[in-house]
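Two complexes follow with subunit A in common, the first pairing it with subunit B and the second with subunit C.
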Partner chain A sequence: MKASVTPLARRAAHALLRAGGVAAGVVVIAFLLVRLIPGDAATALLGSRATPTAVAQLRERLGLNESLPAQFWHFLTRLVTHGDTGASLVNGVPTRELILARLEPTLWLVAFATVFAVALSVPLALWAATHRDGLADHVVRILTTAGIAMPAFWTGLLLILLFSVRLGWFPVGGVRDGYPTSIVLPALTAAVAIVPVLVRSLRAELVEVLRADFVATLRAAGLPERRILARHVLRNAALPALVLVGTNISYLLGGALIVEKVFALPGLGDLMFDAIGSRDLPVIQGVVIYTALAVVLVTLVTDHLATVLDPRLRRAA
Partner chain B sequence: MHIHARRRRTAAAVLALAVLTTGAAACDSSATKSSGAEGSGGTLVFARTSRGVTDLNPTADELATNNAYTLDKIFEPLVELQKNGDIKPLLAKSYKVADDGRSWTFTLRDGVTFSDGSALDSADVVYTLERHLEHGGALPLSAPITAVTASDARTVVVRLSRPYAPLLADLATFANVILPKDLDGRTEKEFFNNPVGTGPFTLSSWDRTTGEITLAANKTYWQGEPAVDKVEFTVVDDDNQLLQQLQAGQVDVIDSVPAANVAQLRANPDVKVTVSDSWQQGLLAFNTADGAFKDVHLRRAVAAALDRKAIAKATTYDTAAPATTFLPSSIRFSAQDTKILGYDPATARAELAKSQHSGGLSTTLIVENSATSQTQQAQVVQAALAKIGVKVKIETLDSTTFWTRFGKRDYDLAVTWAISDTGDPSNLVNWQLLPDAADSYHTGYHNSEVTKLAAQGVAATDDTKRAEIYAQIQQIAADDVPTVPLTYIPTITATRSDVHGLVVLPNGTTRLRDVTRK
Partner chain C sequence: MTVAPAAVAANVPQRRRALAHPSLIAGAVVFGAVLLAALLAPLIVTHDPAAQNLGAALLPPSGEHLLGTDYLGRDVFSRLVYAARTDLRIGAVTVIVPFVAGTLLGSVAGYAGGRVDRLLGYLVDTVLAFPFYVLILAIVAMVGTGERGIYVAYALVGWVAYARVTRTATAVAVERPWVHAARESGLSHRRVLLRHVLPNTLPQAVVFLFTDVVFVIAAVVTLSYLGLGIQPPTADWGSMIADGRPFLTTKWWLATAPGLAVVVTGVGLSLLADGLTDLWGER
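And now, the complex of A and B:
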């Protein structure tokens, strides 16, 4: 027991270090990238009224006239001391507060999308894998190819037209009707985007396990096929699936931006979208940094979980 | 064995949860139905585009439409804009201008109170106007005011250094709404976070993180309590969401219907579409100070190459009228008989031959990516100019990049829009033809004759005289072509069919005090 803890701890330490490096990189890139977009918050706020005098006044008030190193220093000290990237240039609310307020729809979205994705992928993959190169396999392949080809805004629109406008089961958008009603269609849309990837990988995983010697042995022993699948095959395919789901949660966070826009959800993606439009630097930086950290964290946790669950991975390390 | 069974149960539970929540959500769908509560006046859900409400200060630095058109429900000006563009007394029951045009006397209405119960008097008006003169803000009080005094509790006198015809039009804007004296002793921040006005609505709740804001009926409103109990302003910055939410009854009013969807909404019996005159225009702007379009003949050639009727028809689905002069027909003294360079390929070629680019040229046109009709207009312009040998490359830019470049005059051609702040022609003249305010709307245009006439137009108090002056200005603009006005864009509003009494004003705002449901 003891012998296996130490390498595990070392692995964790390594992983943490790598994550720290990634986080530092993200902080620097977040700061620099947003400053490459043409235009600034002063022009964004003034729009058609952006006269040179008005822009100059507003730039002064918003502190956009500082030199780049000075801005970076302020940004860094604030990030370290307050864990915040500053107040929004548009409405003056601290970025951390904005992010916390907008977190709820995004969390609901990611959680439900994950549940939907797993609930859809596992049966489909199982069906395809057990009927390899049969009709079922082809049907699933066509379905997943179609799923990949459908962009989120299109899927979302179709779902809205059917379930909201025609049937009136769910709201068209927004979160005015509360959770989880408001989140079902967006989560389904987000899930449709990742289900194809999950199904294909899971199917490959399952096919491999089904070919394994122990399955042949179990069959030879006369175990019912259903029991072999449920107790042995799925169990062995579960681990890679977990890692896959973990990776795709990160992908979902990215996809949330589009899905939130399509369903007018006031979540993090929507916040980010608006912030980019209005060149709201503190908010863009804040969302980028916190989202990146969340992705790093999810990856760390799934990696770690996999190691804990599968003794072989520990030994390999 | 135990573990296996448990795992199976967990998997089943996860699936069941997914199915259950979906089902439960489906049963809950009654909540998506109309928000009008029975018995009471109900709630009006008003969806707008762009940003949420960030500030309710009428003299803030930034002019955000949603801020302005929220605060004008809480506060009221001395005189009020009407649907047809006229100005009528509101908090002032009457006004009188002295014979020399240098002093205006406003008599306040009796019995007007702020929402906290205190009575409106002349000290509030004096405070408000002086505050505006001091703060300036996005819409500064540009009248040549020398003094604002209260001769008694109900009378306010505004003195000017010279006659200024647009005073009433200026006083009717959201920037001149009347605030209580000294902001009731509170700081600016405290007051505008929890404002007190004389208007039909009061602030009920305001989520700063999303900018969603709810107003409640002012129970003590001097014209009687509004029929609706609450107005919820929400932001839906996606055309498709706007349309579907309205059709599904999730929202009751949307105030910027894309032209392409008017026909679809009109076919829906649950929805009413209103097309109202506005002070907005779509236009093609030239950089008249640098580059090829410094050449007036080249600009005239472009104007004559454009078929504005066809542009209005093709890009706005017949919702907008083709433009003639830079003063939309809803603006006072708009001279629709101005001789403009209408569509005429022969004239276009003749003007091109007179220019320094008789052999044609290659140029670029910038346009915002946010409005489909604008990008379509850019394409129509491109096709039309190709016919006279002017090759146009279109650069589609995101909104902020567009205004950054347009504001710095970093462009040759630009398809964009403009809206007047008042119904008086002086506003657009100042904004589009005079170099001081905005570099002649970022065209760099300068004509000393226009500058002279503009000063006369503001100072003249006789309407016939003013009409003459502004007709002259419009003719010069039509000949010099700093911009080609393309379309007069209407405000297209859509509501649920049970919403009545909504008034849409030419500046794009709405009046909600007479709105009823059913």
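And now, the complex of A and C:
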């Protein structure tokens, strides 16, 4: 028993170290983003007609007069001690407060999208896997191929057209109707973007499960096929589906921010687009760092979860 | 046995082998139609895609205007065809740098192994930690909107996927007996990698190239919809959807038709990728 715990702990420590390294890389990249502005950042932000005094003031405020390592040191200490990337250039509010104020809609959106994604992809993958190379398999393949090519914002418009305009079931946008009513269509949109990816991986996994010895044993024992699927195969599919959402969280989260824009949800995506419009650098950096660190954390947890749940992975470690 | 895949395939009647793959045919037909429309745009369109006619704005589809007119009275069908030109061209140009850089880095890492491999793996993990659209949008916000922003953003982000695909394929190919034989016969690392490993890993990168163009076109269209991509008056599917957005309830075709064009293009390219996988997987 002890022998099986130690490699797991070692694996967890290794994963933690790796995640820490990636988190450090994320901070460095987010810091360097501002360097991509062609020419002088302060001039670029204020426009060519700005007075030299205004440019000098902004340079001072952005810390551009310091050396690059000094700038990074200030960036890092501020991030560690305050948990943010400075104050907004527009209203002077610390980015941490701005981000926390916009967190709720995004969290609702991602949570519901995860539920919808699993609820949609498990039956579709199961349907395709049980009719391998049959009609159902082809239909699912065509659906996923089309799904991958659909830009999320356009899917959102189609859903608005169908469920809000024609049927009137859900609001066109905003959060006036409260949660979860306001979040159903946006979450469905974000889910549709990730479902094709999930279905493809899951179908391959299910094909393997259906071939597994225990399924043959159950069949030989005379269990009806439907019961085998419902009780045994489905259980073996739901957790991998959830883990798959975790592995693809970066994709889901990025899509969610775009979807927020389509449905006018006041979340992180909305904050990011406002910041881009006004070139509010600290806020852009803040959203980038917060979302990327969230991805690192979720990936770490799902990887660990997958290892704990699947003894095969544990042995491989 | 160090022949390139193309040389192997030449032994078998290639045309018949290609015909045996329905997705390859379907993909070639669908994508070929879109490509042809883009190339022959001036011959196909019925109106100047930029010509405004405020007196004939927001007309429904008719014989004169196949898909009606937009809020400035421009012919939607003509704009749709010209948008194919814009989006396909940008899609094709955007993937060049990521393809070359990613394939090269992935090959070197997979071949060298050890510290180089771990360093690349770390870089890949770090870039992948950023939600794709968040990073792309942030870079575009810094570099500036329009084509240049798209190229820079995707060059910085897109290479990662190619590096991953090629690295895995290379690590497998390196273990093949003919690679050992080539090394032992005294060939340089450079020659072994370029002549004996790369021809075996390149097909996978090329298949991914097709899939990647689908992602890139979706990204370009998304950026343009948000006003951060192609700038007016150039016709592009994304800005066309944005233009049609306010009329979703009354003139639903304005926002749906350009999106459908994106999907059809994407499906064609995906089918091509699937077909190529089957074709090259037969070896």
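One rule holds in what follows: the second predicted complex is superposed on the first by the 270 of 317 C-alpha atoms of A that agree within 3 Å, B and C clash if a C-alpha of one lies under 4 Å from a C-alpha of the other, contacts with A are read in each partner's own complex, and residues count from 1 in each chain.
The working rule: a residue touches a chain if its C-beta (ideal position, glycine included) is under 8 Å from a C-beta of that chain, and two chains touch if they have at least 3 such contacts.
These numbers come from a predicted model, not from an experiment.
Participant: Touching A:288 in the superposition: subunit B (first), subunit C (second), both, neither?
Facilitator: A:288: touches subunit C, not subunit B.
Participant: Report for A:86: first if it touches subunit B alone, second if subunit C alone, otherwise both or neither.
Facilitator: It touches nothing on subunit B or subunit C.
Participant: Just subunit B (first), just subunit C (second), both, or neither: which does A:38 touch?
Facilitator: both
Participant: Please work out whether A:186 is in contact with subunit B alone, subunit C alone, both, or neither, and reply first, second, both or neither.
Facilitator: In the superposition, A:186 touches no partner, neither subunit B nor subunit C.
Participant: Is A:55 contacted by the first partner subunit B, the second partner subunit C, both or neither?
Facilitator: In the superposition, A:55 touches subunit B alone.
Participant: So, does A:278 touch the first partner subunit B, the second partner subunit C, both, or neither?
Facilitator: The first partner, subunit B, only.
Participant: Looking at the overlay, does A:173 come into contact with subunit B only (first), subunit C only (second), both, or neither?
Facilitator: Once the two structures are laid over each other on A, A:173 reaches subunit B alone.
Participant: Based on the superposed arrangement, let me know which partner A:47 touches: subunit B (first), subunit C (second), both, or neither?
Facilitator: It touches subunit B, and subunit C stays clear.
Participant: Specify the partner with more touching residues on subunit A, choosing between subunit B and subunit C.
Facilitator: Comparing touch counts on subunit A for subunit B and subunit C gives B.
Participant: State whether A:119 touches subunit B only (first), subunit C only (second), both chains, or neither.
Facilitator: A:119: touches subunit B, not subunit C.
Participant: Find the residues of subunit A that appear in the contact set with subunit B and again in the contact set with subunit C.
Facilitator: 37-38, 157, 160-161, 165, 261, 279
Participant: Note which residues of subunit A are touching subunit C in the complex, please.
Facilitator: Residue list for subunit A touching subunit C: 18, 21-23, 25-26, 29, 33-34, 36-38, 145-146, 148-154, 157-158, 160-161, 165, 250-251, 253-255, 257-258, 261, 272-273, 275-276, 279, 284-285, 287-288, 291-292, 295-296, 299.
Participant: Using the touch definition up top, name the residues of subunit C that touch subunit A in the complex.
Facilitator: Residue positions touching the partner: 122-123, 125-135, 137-144, 152, 214, 218, 221-222, 225-226, 228, 238, 241, 245, 248-249, 252, 255-256, 259, 262-263, 265-267, 269-271, 274.
Participant: Mind listing the subunit A positions that touch subunit B in their complex?
Facilitator: 37-40, 43-52, 54-55, 57-58, 61, 90-93, 97-98, 101-102, 112, 115-116, 118-119, 122, 157, 160-161, 164-165, 168-174, 176-178, 180-181, 184, 230-231, 235, 261-264, 266, 274, 277-279
Participant: Give the list of subunit B residues in touch with subunit A in this complex.
Facilitator: The touching residues are 4, 7-8, 11, 14-15, 17-18, 21-22, 24-26, 28-29, 31-33, 45, 51-52, 54-55, 61-64, 138, 207-212, 234, 236-238, 240-241, 244-245, 247-248, 250, 398-401, 403-408, 416-419, 437-439.
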